[in-house]
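Right after this note come the structures.
Same chain, two partners: subunit A is paired with subunit B first, then with subunit C.
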Partner chain A sequence: MSKVNLKINGKTVQAPAGSTILEAARLAEVDIPVLCHHPKLANLGSCRICLVEIARQPNLHPACTYPVFEGMEVQTESPRVVEMRKFVLDMLFSERNHHCMYCEMSGDCELQNLAYRYRMDRWSFPSPHPHMPVDATRKYFLLDHSRCILCRRCLRACSDLAANHTLGVKNRGADTMICADMDLSFGESSCVSCGTCLEVCPTGALVDRRSAYMGRTAEVQRVRSSCAACSLGCGVELVVRGGQVLRVESDWDRHNEGVLCVAGRFEPLEQTREKITRPLVRRDGQLQEATWVEALDALVSGLRQAAPGGIRAVTSGAVLSEGMNEFVNFFKGKMGVPVHLLEPALAGSELAADGGLKDVDAADFILVAGGDPLASHRVLGYRIKRAIDKGAEVWLVSGKETEMAHFAARCLGLAELDSAVAHCMESRSPVVVYGADLTAREAGRLARLRGKARFIPLAPSPNGHRAQVLGLEPAAGWAGAKALFVLLESALLQEGWLQEFRRPQFLAVYASCRSPLTDQADVVLPALQWYERQGTFINMEGRNVDVHQAVEPGGEGWSVQKLFDRLSGCMT
Partner chain B sequence: MSKPKIATDWLAACAGCHMSLLDMDERLLQVLSLAELTSCPITDLKHPPHEGVEVGVLTGAVNSTTNIAVARMMRKRCKILVALGDCAVFGGIVNMRNYFDMQEALRCAYVETPSTVDGFVPASEELGRPVRARGVDQVVKVDVCLPGCPPSADAIFHVLSELAQGRIPVVAGETLKYD
Partner chain C sequence: MISAATKEKVEALASAFPQRRSGLMPALHLIQQESGYISPEATVFLSQVFELSRAQIHETITFYHMFRTRPAGRFIFQVCTNVSCMLRGSEEIMQTLSEILGIQPGETTPDGQFTLQETECLAACGAAPVVQLNEEYLEHVTCRQIRELIAELRKES
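Up next is the complex of A and B:
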């Protein structure tokens, strides 16, 4: 790529042709302030805070949109520029209602930081104190129009990253307001609460309700991890303070590129189930708190009584790989017990998992078969919608009603799978997204596309891929089971998972939260909470992703590895 | 040369800024060794002397005709006027009153509060009339602004000791906070 030579504040810089002044300045480590600019969003040039002076040009120009040219000389902090920036800040502060002393964002606000940087010890224009509404109709976060500077980052994030197109603006000039759909409240709107807008808002206009006022950047720690709520394994940053996870933000450098879904960003912290923090053992018909030694004793004797043929063991596919390995090693390897998977598995293990979100971006045709990414793997669903915005064609083959159907060019029944396969054959860079609703025969028909298309599985459990590698499958039935061990962890047991399940003589459950299953158990072993565990799982792209412990365990929960380590000691 | 004189007064304020001033603790003595404190709302002498002071400090927003009179008197009697705290600088939390109709706000404060018995809106001739809340600089010229809710004792010490030594303080970095 050809280079352009320019000078920024007297510093010589070489920048790729076509870069903006802002990009060139970053190469030269010159800090130009921005508000409407966001590195992951298209530039808009609306806020004018980044204005710079270019030699021999009468007007100031926005650095975030102005392209560099050979011999350009730029001043980013000249008296004229600084005066104009202060004027822009004055206008922004006087337009609406900024009361930093009780604003949630104070200390972390990009607008406030700039006011400090330019030493704004007073506002030149009095605010008219306009009445501004607060939209608190959404469960997880609110919009306070008083703090909105109309930078439209939220709007671009919603349209270009989440591809949801909920946000827009209404009115003109000083009456301009961010609004949802055709001016609905957010609660009634098409918003899917992915929170991408919340994450890019530079001010206290969009505020997370749960973590509001609970800690500023300087007071919190950030732990990079992966969301394990579905097999996408989106990159997240857990914001932690005082042994508590305050909120979940996204990791912009991972495959999800800053986008999360409600199940990854908000729902994990909406824990309403009672946590299990101590071992429980059934005595005289009642589950009672016990020590780990007592619980292990009860477990060992329960298993021994059913041995050798009466034991069954089942794990959730939400368990991390290290734990799943230990589980299989112990029960299958050591005890010779049949091991199973709790969640349904994907048919078509012969289909590859060789596609990723980047392939979706590049696809001209996407075939979604036997699943609904917008319900089960939402960030993938958003990415598919993004591809549609860019011109990709999506066909949906499903026997059920799906969210995705609203966006697909064609919706076919499973019987018409072959015509979709044929269309796929004729495309340039097709992607096949396949889900658990396909039978083995239908999956076999898709197999013809191997080599032609990239395949993305919608595994029904986060670490379903690992379970598949370990040969775990759902059990056909539980007849003959005298003792059952369930490695549930934080998975929420769903109807149909334990088919024809009847409570065996002895039931042991390893779980982090109370559920109807733990209530029936003879021994309940406390698991680590999702934010206390550490390990890896195989995500939808077939890659190992890390889950990091965010806080020290608050209860007596053990990791799966520790559990089986101690159990092995007891059984020999 | 005699020590420069400082006078302070408050307008519509919660007294927090003056509490923060007291928070300077032993550094108050340092300030007093550099300057003479002629009057302030928490000493016996409340009003700035007729002969004037070098530095006048106002905390609180302008919220009534009385506040306007006090601000004008201070302006007249001082050389350098300091607006201290968010309320004095921007109108601060007092501004929230501007979102309501004045009569509604008065009724709410004097009649409808649950703890009020036989309440009425005071209307004596001697009392000031409420006006739209605003910062001091919308009524009189202000020379030095120190925002903060309240400004920290460190910030106040910095500003007062600079002024007492005849310098105009630079309000920036850790001294400049809006909360």
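Up next is the complex of A and C:
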């Protein structure tokens, strides 16, 4: 790539041709303030805070959009520039209500930081402080229009990253306001609460309800981890303070590129289930608190009474790999007991999992078969919608009603799978996304596309891939059990799991939260909460992703490894 | 309800341009002419035809003051309140209209007959004060004229 030589504040810089002044300045470690610019969003050049002076040019120009040229000389903090920046700030502060003292973002606000940087101690325009509405119709976060500077970062994030196109601006001039769809309240709008807009907002206009006023950047820790709510394993940063997870934000450097979904960003913290923090043992028909020693005793004797032919063991596919390994080693390896998986598995284990989100970006044709990414693996769904916006064609083959159907160019029944396969054959860079609704025969039909298309599985459980590698068969295997061990960890009990469930003579459950299953148990073993555990799982792209402990365990919960380590000791 | 005939006309507008979205402005005029305003239902319909988001359609509508998103009366009075007209008595005109009709600027009478609005300069300053009634300009308008006019319109309706 050809390079361009320029000078920024007298410093010589070499920048790739086509870079903006802002990009060149960052190479030279010169800090130019920005508000509407965001590194992961398209440049807009609307706020004018980044104006700089270019030698021999009469006007100031925005650094975030102006391309560099050979011999260019730029001043980023000249008296003229500084005066103009103060003027821009003055206008921004005068327009709406910025009483920082009452704002949740105070201390972390990009606008406020600039006011300090340019020593604003008053605003010179009489501020009318117009009464602006607050939209609090969404469950997890709100929009206070009086703190909005109309930078439109949220709008670009919603359209270009989440591909949801909910946001717009209504009216014009001083009446301009962010709005949803045809000016609906957010609660009624097409918003899917992915929270991408919330994360890019530079001011206190978009505010997370749960963590509001609970800690500023300087007071919190950030723990990089992976969301384990589905097999995508999106990169997250857990924002922690005082032994509590305040908020989930996204990791912009991972495959999800800053986007999360409601199940990853908000729902994990909306914990309504009762936590299990101590072992419980059934005595006289009642579950009562016990010590670990008593619980292990009860477990060992329960298993011994049924041993070995009457024991069954089943795990959720939400359990991390390290724990799942120990579980299989103990029950299958040591006890010779059949082990099963609670969630359904994907048919077509012969199909590869060799595609990723980058392949979706590059695809000209995407075949979605037997699943609905917008329901089960939403960030993948958003990415497919993004590909559609860029011109990719999506066909949906499904026997059910799906969200994805609204965006697909064609919706076919499962019987028409072959015509979709034929179309795929003719495409340049096709991607096949396949889900659990396919039968083995249908999956076999897709296998013809091996080598032609990239395959992305919609595993029904986050670590379903690992379960498949370990040879765990989907459940039903608990029929005929005298003693049953269920490894749930923090998995949510799904509707339907208990339909064919008959309580065996002895039931032991390892879980972090109370559920109808733990209520029936003879022994309940406390698991670590989702933010207390550490380990890895295999994500949809076939990669090992890390889950990091964000908070020291608060109760008496043990990791799965510790549990089986102690249990092995007791059973010998 | 958008009639089948309107739908056809809108579709024709979209396919008349190399970029479908170029047909949006004439389509908005058409819908407002036929139904008096652009309803949420129409916005959804237009977003489908022009392959734009609902928000983008709403942005376009609200950018222009003459597109309406709410039904208006049969007779729409738009009183210019800019400098020339103000100096020549537009405030009094507005007050008179407001009193006779019993509504404030921006409102419509309960019988759906009259809407009263403020408007920016109508580019007819030489004839100030100016009031626009539907598509027509009333020039050098006086309070007496306004009273007579409304009496007449009421008879008509």
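The rule is short, and it goes like this: the second predicted complex is superposed on the first by the 565 of 572 C-alpha atoms of A that agree within 3 Å, B and C clash if a C-alpha of one lies under 4 Å from a C-alpha of the other, contacts with A are read in each partner's own complex, and residues count from 1 in each chain.
The definition used in the following text is that contacts are C-beta pairs under 8 Å (C-beta built on N, C-alpha and C of every residue); 3 or more make two chains touch, one makes a residue touch a chain.
None of these values were measured; they are calculated from a predicted model.
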Side-by-side fit of subunit B and subunit C on subunit A, or clash: fit
Of subunit C and subunit B, partner touching more subunit A residues: B
Partner chain in contact with A:Ser512 - subunit B first, subunit C second, else both or neither: neither
Which of subunit B and subunit C A:His129 touches, first, second, both or neither: first
First, second, both or neither for A:Ser376, with subunit B first and subunit C second: neither
First, second, both or neither for A:Asp183, with subunit B first and subunit C second: second
Partner chain in contact with A:Ala115 - subunit B first, subunit C second, else both or neither: first
Touched partner set for A:Ser398, first subunit B, second subunit C, both or neither: neither
Subunit B and subunit C, minimum CA distance [Å, superposed model]: 18
Touching both subunit B and subunit C, residues of subunit A: none
Subunit A-facing residues of subunit B, complex: 83, 86, 89-93, 95-96, 98-99, 134-135, 137-138, 142, 145-147, 149, 171-172, 176-179
Parts of subunit C lying in touch with subunit A, wherever the complex brings them together: 40, 43-44, 53-59, 62-63, 69
Subunit A residues within the subunit B interface of the complex: 97, 99-103, 106-107, 112, 115-116, 119, 121-123, 126-127, 129, 131
Touch list for subunit A against partner subunit C, complex: 159, 165-172, 179-183, 190
